[in-house]
Amino acid sequence: MTGGPSRDPVLYSEVVERVRASDTDVVLNLTAGMGGDLVLGGVETPLPVNPDQTDLAGATERLEHVRALRPEICTIDCGTMNFAEGDYVMTNTPSILREMARQVRELGVRPEIEVFDTGHLVFAKQLLAEGLIDEPALIQLCLGIPYGAPDDPATLLALVQNLPPGCIFTAFSIGRMQLPYVAMSVLAGGNVRVGLEDNIWLERGVKATNGDLFARAVTILEAMNVRVLGAAETREKLALNGHGG
Amino acid sequence: MTGGPSRDPVLYSEVVERVRASDTDVVLNLTAGMGGDLVLGGVETPLPVNPDQTDLAGATERLEHVRALRPEICTIDCGTMNFAEGDYVMTNTPSILREMARQVRELGVRPEIEVFDTGHLVFAKQLLAEGLIDEPALIQLCLGIPYGAPDDPATLLALVQNLPPGCIFTAFSIGRMQLPYVAMSVLAGGNVRVGLEDNIWLERGVKATNGDLFARAVTILEAMNVRVLGAAETREKLALNGHGG
Amino acid sequence: MTGGPSRDPVLYSEVVERVRASDTDVVLNLTAGMGGDLVLGGVETPLPVNPDQTDLAGATERLEHVRALRPEICTIDCGTMNFAEGDYVMTNTPSILREMARQVRELGVRPEIEVFDTGHLVFAKQLLAEGLIDEPALIQLCLGIPYGAPDDPATLLALVQNLPPGCIFTAFSIGRMQLPYVAMSVLAGGNVRVGLEDNIWLERGVKATNGDLFARAVTILEAMNVRVLGAAETREKLALNGHGG
Amino acid sequence: MTGGPSRDPVLYSEVVERVRASDTDVVLNLTAGMGGDLVLGGVETPLPVNPDQTDLAGATERLEHVRALRPEICTIDCGTMNFAEGDYVMTNTPSILREMARQVRELGVRPEIEVFDTGHLVFAKQLLAEGLIDEPALIQLCLGIPYGAPDDPATLLALVQNLPPGCIFTAFSIGRMQLPYVAMSVLAGGNVRVGLEDNIWLERGVKATNGDLFARAVTILEAMNVRVLGAAETREKLALNGHGG
């Protein structure tokens, strides 16, 4: 562990090998979000870009660890937006997204399309229409992240109503709305995502572990009489090929 | 007329002077959208940026024509997004937007906040909360532009429900949905925008003029028994100071 | 003309014969809403019912004029509700609605299902599921009538999202919202209804004729570049058999 | 216990006295829904009404037990509708509702306004506008009951957006959707209702007690980090006078 974000294939490999060597069967999903970090030079001189903080890689380079490790799923952040404050732009142009989708498909990996605002979903449907994503599409609605789509129910429903027919989706929110969104996503017809990437608190003043958050999600779902699928059923539902196992 | 987009203050001045010299009283609203054009170097080598197509200016430089001409209103494109295809990014970071809002306020010009997706509206409310925009905020919901918010009614309503209290808004869509959106915006509680910037067709196969589109909008509104305001009433409603007259 | 509501087949026959004898080709749609009028005896003694104002007829009797005149379409008010004030109840129980739907289908007449609130639509789908209505269902969303569904866009969209797949629908509102709803219905994917039954004003202070209201609707639609169908195209779209022609 | 529904004040008194004599502090809320049962005579002869199954009482008579027992809250079913199948109509006309609201207010009891469809909410707001209900209004959105409003999220949101400003509301659904709606109501900004009146199953094949359902609701809410109020805090929030304690 380096404590920082990275797209070094060696680090990914180390983690993936440990997961695969373990007795726990999980569906393996690697981010391909790294390499889309653009930081401009400042308010009055946006160019040249800030060289220390910018990490903008080409499509092939961004997928190096996916190519090496062949997870069952990898993410594709389906657009460009202001993400947090300052001079930072999360940058994924139509050109690079098309090429990443093409390569991911060729690798036999299923893409999880990350949608941070309603326009990202428009582009996701464009990728589907162009045959660059196989059906059923796996779509992650990422809500409550500044400055993407807010997590109010009306915005969520507008997104859900615009989903491509037959897709499989999850909606999540961040921070203190992560756990309520376990229920919200299911009530809107979706699946569930929790974990430290989006929220570090179990409750006010209590730091969480991934295990804690997962247990809470299961508690909410089972109390609502919603059944939680294991890895094998999930593979079948998501049309995964299992080479990540 | 050069036939291309520009942020040359001399060209803006020429147009503004003709408008001010005319007998027609209109509310003057100048774009400040120029200078946010980033074109990456390509799918495999995003950096360095494409120098010929990129026009990324600092906050002060982007407002030069506004400073010189003091229109009643100028636009602020309230976010960053993939706009159209290829390697292009419409780029307006939180940092530059805060500085542009600050300068526009100092100039005594009213900003029209252009919102192309739901996250842009979240940031607009952040600017309001920070006191960088005066109330009532003027908000333009720009729909149907790839790859921003689609123009289906549910997405529009989600945006409208997230508007800051007391703001004055307009919603428009582009292309063949521009004229239907004249009615849609009013039905959602908003005002109306038409013009060649968003749509060049009056009907299938018939090119429009701005006058044609305006006349059509008036026809729709008056047939619905909606009253159209003139320039003086509009100034009062939008809390304009009139120095653009 | 008697000036009052009636379900006397003789009166209906007189009107229908004049229409059929005319040179104007229209789709003929007769109400079957009469005979569902229940007026209770009062606040402290609801029973016995008010005998002078109550007109509650059986299913067969309510369809007498439809049986005699065989219009292309007849209405079925798909539920029970407080309609206006006082002790009045618009009364159409599940039992009588099933029998009316059965008889209308047997007559070869297409029913226009009038939905005044979201629960009426639930029952309409129940009739469809039971095979008592042929597809595509013709559904009229009747909004803004106290005390049925209000005509705000969110309520309309909730209804539209709950429509049975493949149905053909219209949404209308009453009074001063009738003309704006010409656009609203089309924007929500529906067709258009105007006329003196729902609104008697062309504009503030100006009484309308049916012709006036129809002309206004056409003006709105054509200005939005929406095409208006004639009687023949309408017959095809609504799967009518034309025996009303 | 008689095993049947009743509006006999003696039976209500017996229950209320036991509750008040117990050590458990609860907010007491009595139904005033009895006495609105109209059953028509049949499909071909709707009148006279079915005398055995009809129980249609006047406003004063329907509130006899409320007058005698002065609970903190009593319900008012805010409209008329087909409720379940057959010839049955749940009957509450505008006239009788106004008189019931007037009497409940005079008794110093807080009304819980039961809304079964969007039009009932329109009438609830009418009662508020006429001063017949004190603010903050307590509104119960009753969903999923045939043939009232369905419990899909879009219909719920349409209702929530139409609530009167400042009201306190709960939304519930019935049967297998009761427990998921514990989360749904809170996510929409409301409070929670569970109990055997609306659902008799804890999970598939397992009959519930009120205690079971309550415990499940608490489990869901606490796992979402939502705090559950006790009787004293509830009294303060709902502006109750506590004479039911």
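Read from first to last, the chains carry the letters A, B, C and D; within each, the first residue is number 1.
Criterion: a contact is a pair of C-beta atoms (placed from the backbone, for glycine too) under 8 Å apart; a residue touches a chain by one contact, two chains touch by 3 or more.
Note that the structure is a prediction, hence the values are computed from the model and not measured.
Contact with both subunit A and subunit C is made by B, D. Of all residue numbers that take part in the contact between subunit A and subunit D, over half occur on both sides, making this a same-residue interface.
Interface comparison, B-C versus C-D: the pair with the greater number of contacting C-beta pairs is C-D. Once the centre of each chain is set as its mean CA position, subunit B and subunit D turn out to be 48 Å apart.
Mean C-alpha positions place subunit B and subunit C at a centre distance of 42 Å.
Measuring from the averaged C-alpha position of subunit C to that of subunit D gives a distance of 32 Å.
Of all residues in subunit D, those touching 2 or more other chains are 154, 157, 161, listed in ascending order. Within the complex formed with subunit C, the subunit D residues making contact are 40, 42-47, 49, 54, 56-61, 79-82, 84-89, 91-96, 99, 116-123, 126, 146-150, 152, 154-155, 157-158, 161-162. Of all residues in subunit C, those touching subunit B in their complex are 153-154, 157, 176, 179-180, 182-184, 186-188, 203-204, 216, 219-220, 223-226.
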